[in-house]
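By written order: A, B, C, D and E. Residues from 1 in each chain.
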Amino acid sequence: MTASQIVFLLSAALIIGSALMVVTTRKLVHAALWLVAALFGVAILYGLLEAGFLAVVQVVVYIGAIAILFIFAVMLTRKEMRDTGPQTRRSWPLAALLGLLVLAGLVFLVLDMPDVARTAVEIPAEVDTVGALGQALVSPEAYALPFEVASVLLLAALIGAVYIASGQKKE
Amino acid sequence: MNIPLSWYLILAASLFCIGLYGVLSRRNAIAILLGVELMLNAVNINLVAFWRYLDPAQMGGQVFAIIVFAVAAAEVAVGLALIISVYRSRKSVVADDIDLMKW
Amino acid sequence: MESDWLYIGLFLVVGLIIPIVPLILSRLVAPHKPNPIKQSTYECGLETVGESWVQFKAQYYIFALVFLVFDVETVFLFPWALALGQLPLFVVLEGVLFIGILVAGLVYAWRKGMLEWA
Amino acid sequence: MIWLLPLPPLLAFFLIVLVTNKKKALSHTLGVGAAALSWLGSMIVFVRALGVEHFGEHAFESVVDWLPTGETALQIGVRIDPLGAAVLFFVAWTILMIFLYSVGYQNFGQPAGDHDVKGLPPHGATVTDNMGKKHTVMSIEPMYSRFFAFLGLFACGMYTLVVSNNLLTLFVGWEIMGLCSYLLIGFWYGKKSARDAAVKAFMTTRIGDVFMLLGIAFLYSATGSLSFEVIFAEGTLHALATTPAFFGFSAAGFIGLLIFIGVVGKSAQWPLHVWLPDAMEGPTPVSAMIHAATMVSAGVYAVLRMFPLITADFSGHGLTMTMSIIAFIGSFTAIFAATIAVAQNDIKRVLAYSTVSQLGFMIAALGIGAYVAAAFHLITHAFFKALLFLGSGSVIHGMEHGALHTGEHVDPQDLFNMGGLRKKMPVTFWTFLIGGLALSGFPVLTAGFWSKDEILADAFGHGHWVVFITLAVAAFLTAFYTMRQITLAFFGEPRTRAAAHAQETPWTMTLPLVVLATFAIGYGWTGIPEHFPILGGLIPNWFHEFVGGTLAVHPEVLEFSIWPLLASIGVALGGLSFGWLAYRKVRTPRQDRLQIPVLKNKWYFDEAYDFLFVRPAAWIAEQFSYLFMDRTIIDGILHGIARGALFLGGVFRNYIDKPVINEFFGDGTGNLVKRAGAGLRKIQVGRLQYYMLASLIVLVAFAVLYYLLLA
Amino acid sequence: MNLWNDPINFIAGWLRALLTGWGLSLDLAKIFIMLVGVGVLIVGSLVLAIFLVWVERKVVARFQDRVGPNRIGPYGLIQPFADIIKLIIKEDITPTTADKVIYNLAPVLALASVLFLWAVLPLASNIYGVDLNVAALYLVAAGALGTLAIIMGGWASNNKYALLGAFRMVATMISYEIPMVVVLLIPTLLAGTMSFRGIVESQAGAWYVLMAPLAMLIFLISAVAELGRAPFDLNEAESEIIAGFHIEYTGMKFGLFYAGELLHAFTFGGFVALLFFGGYQFFGLEKLGPLVAVTIFLAKAMFGYWVIMWIKYTMPRIRIDHLLAFNWKFLTPLALILLVVTALLHKLLAGLPLWGITLIMFLTNVLIAWVTVEILRAYGRKQRQAEEVLAPAGQH
């Protein structure tokens, strides 16, 4: 048991626990806040994986923007803020069963993978992963096109969402 | 870095399945989207873990993770906008009530 | 590198714990005599009417939406800004195109009147 | 450079939609400017291509990685080879002309209409002149800017298709055009007929596209690439040709067939031709021309591109199965559509069917392996058909002017409302006449003659008698209905007051006509066979040399024979004179002896499709999905059949739509089916999560099954 | 390595020797030393926050022509401690309808999100918590947590005013985050690194305020908005929604929000200093020793804080529609233009001597500012004319 293993297990417990709360808690705002906790755990994992940039981005995008958007949406769509009535559908046992089946299948596949217990090699201290990420993202022989396409995707999402959410009340 | 790769993969699988359960079982459309977020994060954990364990010099894994961020943002933006729009016209966010697309 | 993140982790933990200290201190020293009036919702002495979780303008959501998209955009721009030094001018134009495409979205929202608070 | 060709129209599209939507002049400046830029670029590419010796082997090509997929990367790129250059030439010209023409056709500079609303054609505006007198004049299209935006997107799709070096981007361009055609056909979405036509066009072409996508997927799995260069490498072709696929086809033949089905949809070949005539609901000539002269050419272009694949197992004697099918569909369509065109009274519909017929010529030519002839006809046809459509638009525009002027409510598209327009609209008349003669294949002078003659000569020379005779008859009919149309519209006396007051259209409309008329005559001279009597050899057969160079094996020059020449001269002149004689005196539809119901109603194809496909499809969908979903999957697991039916029945009783059931199951099928259907349909609930559950169950089941079988 | 030149490492080395001498393993000793460092930094910043209460009250008094606290201790210096004791012994009232856990978590998170920022502040070239290579984004991330704290507090209080205040505050914060992040990109790309120490070091030749004065202004404005201070303090517009999102908070919980706000303001003063004013550098003076450098940095931060206070106590509050319109229609486009121009210039001018680059960038900024002002004036003129045309019609 090394320090990083302890950290991993702690954050894994945080992630799984919070994720379970996300899908079971009755109050939607609580679900959104549990999501924040789960995503924060994921950010810790990124830090553990030495993807510092992603760890910070995870907090910025998910907690700073997506969670806020969720909470806003919850506020906007509830006249009656008390979350009355059952929050799960009647077929939830089936869903749970399926979830477990899929999990079993995935775990089976993972354990079947060759060399799955490998550990990572040390990244040399002088390697700047953030800089390398930047170069990979914009240099034409790597991912420049996905980079531009991402902006088109965001544009489309922006226009579409603004159009839908505005409800054309001007006309 | 003495954590086996399988730990990450199994954690991601569990997160994915919890998200899946949420998507399938929740009544509220917003809660369904919360489940989708969990699933997307599970995918991202896998991407980053593979990046770290297989070839840290190749930035593909991280780039893909960033693209997933963009996709998640787009999905949330449009998804929630749709839910709000439906809520306006039908006064409900229960996914089962949104069933005009039948037959 | 790893120790950097260890430090940040410790900082987060300690940073969350230390603000709790005065709260505990206060719990120990301060009087605690609740009564229903004291614990009711504070609305300048008026009786509370209706649900306190009122409906909100959709406008809040629209702004959050635009924010979300631009926030993600900046996530893409940080690596770009870092790589700028090592790569040719072409890459700058790439970033400019990227920004331009998103500005088109802003312009759209603007022209649609979605940035008005009305 | 080549990369940039599709870009200006795309930018124009976004700019118009996002920014200049309100400013009409700015919008059309942007649109036309973008088209002109692309045109300029195309011409530069074309001229440079001309300067390259043995261009076929040294095509312009440039490739980038599109999507890194692990070790390899999906590549996209552009490629201009001789065929591409030739097609690019006409595409650039016609698109520029469309843009210019649209300015006039959508009445730029006219006042806004009195009662015009978005989604309906303009109805005219009332203006008061300085004498205080009121006139009704044409009014500007309310969605003027949007129209140019759509045109821009369309142009982008077409350029993408032409310059791409692989099937994937070709397909992307293809689908962009599919979308645009939907948008443009349904441009006046206020009209029900336009809406229906748009949906019909979209759905019909979609049928073809699904097959095409299947073909592309098959090709990718077979070769691991979609790039033309890789696919058409000799080794790959050989491997494909010798791999057996299904039903006795070779892999090459089968892929070719699948892609050809896509072309059948796009190029409106029988049996998927039904959408094209309806597509004439779009803003009259422009969208019609897009659908008739440019987009449908894309289908033929795709077959031309795939030609090496289709003919991979073709030894030179005896057509392969795929080629026979193609030849059959092509020649059948040619004659079939020609017969329908004879009986149509709508000026645009005649042209629409003639387009279907002419595309049949090209397809048939490809089916018998006449590569160059098909390409040649593709280009000449594009020019003169564009000319004809724009001409008909001009006629309609003139008629509308007359109708508004006189206040007479007539259908401005009906040939029997016209007459005598020769004097009112001289430019339109002369250009239309040139186009018509080219279409009929008027000997020597017109481009249509040379290309059609080449197809016939090929069919004759290779001994495909059936094709030869069918096409010859079709050519005769073509000449006949063309002359009928011209006679009815332009000669004789005006049949209505509107026709009497028709007026020549503005320069933005006539200039494209003149330009295209030039090409309709001149382009034919680039492909005169070398052994043609007298003329042969005066001008070298440039087209054959140039375009033929695209193929790895240069097609041999056909031995000259007098018989097909005589045949084509004969049918052209015969059809023309017969048409003139028969319709010289006709004043009303009653006097037209060819108004046979079966032709008039297009061989009842729409009705047959409705009966054969639309209704059964709905029926099968219900039966299949209800039975399948309910009995075998959801209920069985969820609550058992009885409980599930009870529970769902309680929830969804309100949604049972009795009239629909009655209609679908009719009186004859009986109560049993009715009740079963009513019970079973409840499972099709429209609930997202049900569907997800169901598909997940299937997925898990298959995963387990797969594992068990594998283990 | 001595105490004067490198105090942190000196003390750390001493501690390490001490702890390993006691028999601790090296790893544990490292962690312990880090904990000590973290504790010192956080406690230090909290003490600073207490001191800031005094500064704030003193300065606002001067702005308003008063004396301010002057009774307890010299110049009233003991006053804030008295305040704190008062806050601690006050009764803590929690509304019955509140969502308890979230309600109690919010103030803690609010203060913590500010404290987190101190982890990456370089006080001197060798006195800093951590030199993170993604520090610029870390700043944004910590801000995100602050946003979350506010929405939690507003929601959990179960009070109309609190929720309204929280919504306004969050709308403001997220809106102004965009121009802030965009101008944050400008020092990043000029320095070629996101590490704050790297950014400070790269300003040895010329402070970025000379290369990008407009970016500095935008950063300052959006920082004020992030803080929710006047003129952007709609979240606590007393006449409308009483006290905003912390209306239901009493005693020490309120105190945490308050301390968080003050410390936040000061911290942002520090960020302005280190991003645009050379951080702990002052014409070579910092080379005298780290403690001098720390003093320089704190002085610059205090100056930034003073400017923020100056703005707060002289400007009237603006309406929310104006506030958001100002951001989305003016600040964000301007920031994006600046980013594009700076990126282009940075690339095109590479190779020129530093003074040339600085001069050209400065002049470009001036040009952009001039054009912007002209556009605004033309726009204002047009609007006035439109109003003048409308006004008589409206009277009849």
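Keep this in mind: contacts are C-beta pairs under 8 Å (C-beta built on N, C-alpha and C of every residue); 3 or more make two chains touch, one makes a residue touch a chain.
Keep in mind it's a predicted model, so treat the numbers as computed, not measured.
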Separation of chain B from chain E in touching-chain steps, minimised, is 2
Please give the intersection of the contact partners of chain A with those of chain E.
C
Farthest chain relative to chain A (centres taken as mean CA coordinates)
D
Measuring centre to centre, with centres taken as mean CA positions, what chain is farthest from chain C?
D
Distance from chain D to chain A - Cα centre to Cα centre, in angstrom:
46
Chain B-chain C separation of Cα centroids, rounded to whole Å
21
Chain C and chain D, separation of their C-alpha mean positions in angstrom
52
Cα centre of chain B to Cα centre of chain D, whole Å, reads 41
Got the chain A residues that touch at least 2 other chains?
3-4, 48, 50, 52-53, 57, 60-61, 64-66, 68-69, 72-73, 75-76, 78-79, 89, 91, 94-95, 98, 102, 123, 130, 133, 135, 137, 140, 142-143, 146, 150, 154, 157-158, 161-162, 165, 167
Which residue numbers or ranges of chain E touch two or more of the other chains?
31, 132-134, 137-138, 140, 163, 167, 170, 174, 177, 194
Going by the contact rule already set, what residues in chain C reach two or more other chains?
4, 6, 8, 53, 56, 58, 60-61, 64-69, 71-72, 75-76, 78-79, 81-82, 95, 104, 106, 108
Just spell out which pairs of chains touch, all of them.
A-B, A-C, A-D, A-E, B-C, B-D, C-D, C-E
Under the stated contact criterion, what part of chain D meets chain A in this complex?
64-68, 637-638, 689, 693, 696-697, 700, 703
Residues of chain C touching chain E in the complex:
3-4, 6-8, 10-12, 14-16, 18-20, 22-23, 25-27, 29-34, 36, 38-44, 52-54, 56, 60, 63-64, 66-67, 70-71, 74-75, 77-78, 81-82, 84-85, 89, 92, 95-96, 99, 103, 106, 110, 115-118
Which residues of chain D touch chain C in the complex?
14, 18-19
What residues on chain A touch chain C, complex-wise?
3-4, 7, 44, 47-48, 50, 52-53, 55, 57, 60-61, 64-66, 68-69, 72-73, 75-76, 78-81, 123, 125, 130-131, 133-135, 137-140, 144, 147-148, 150-152, 154-155, 157-159, 161-163, 165-167, 170
List of chain C residues in touch with chain D within their complex:
104, 107-108, 111
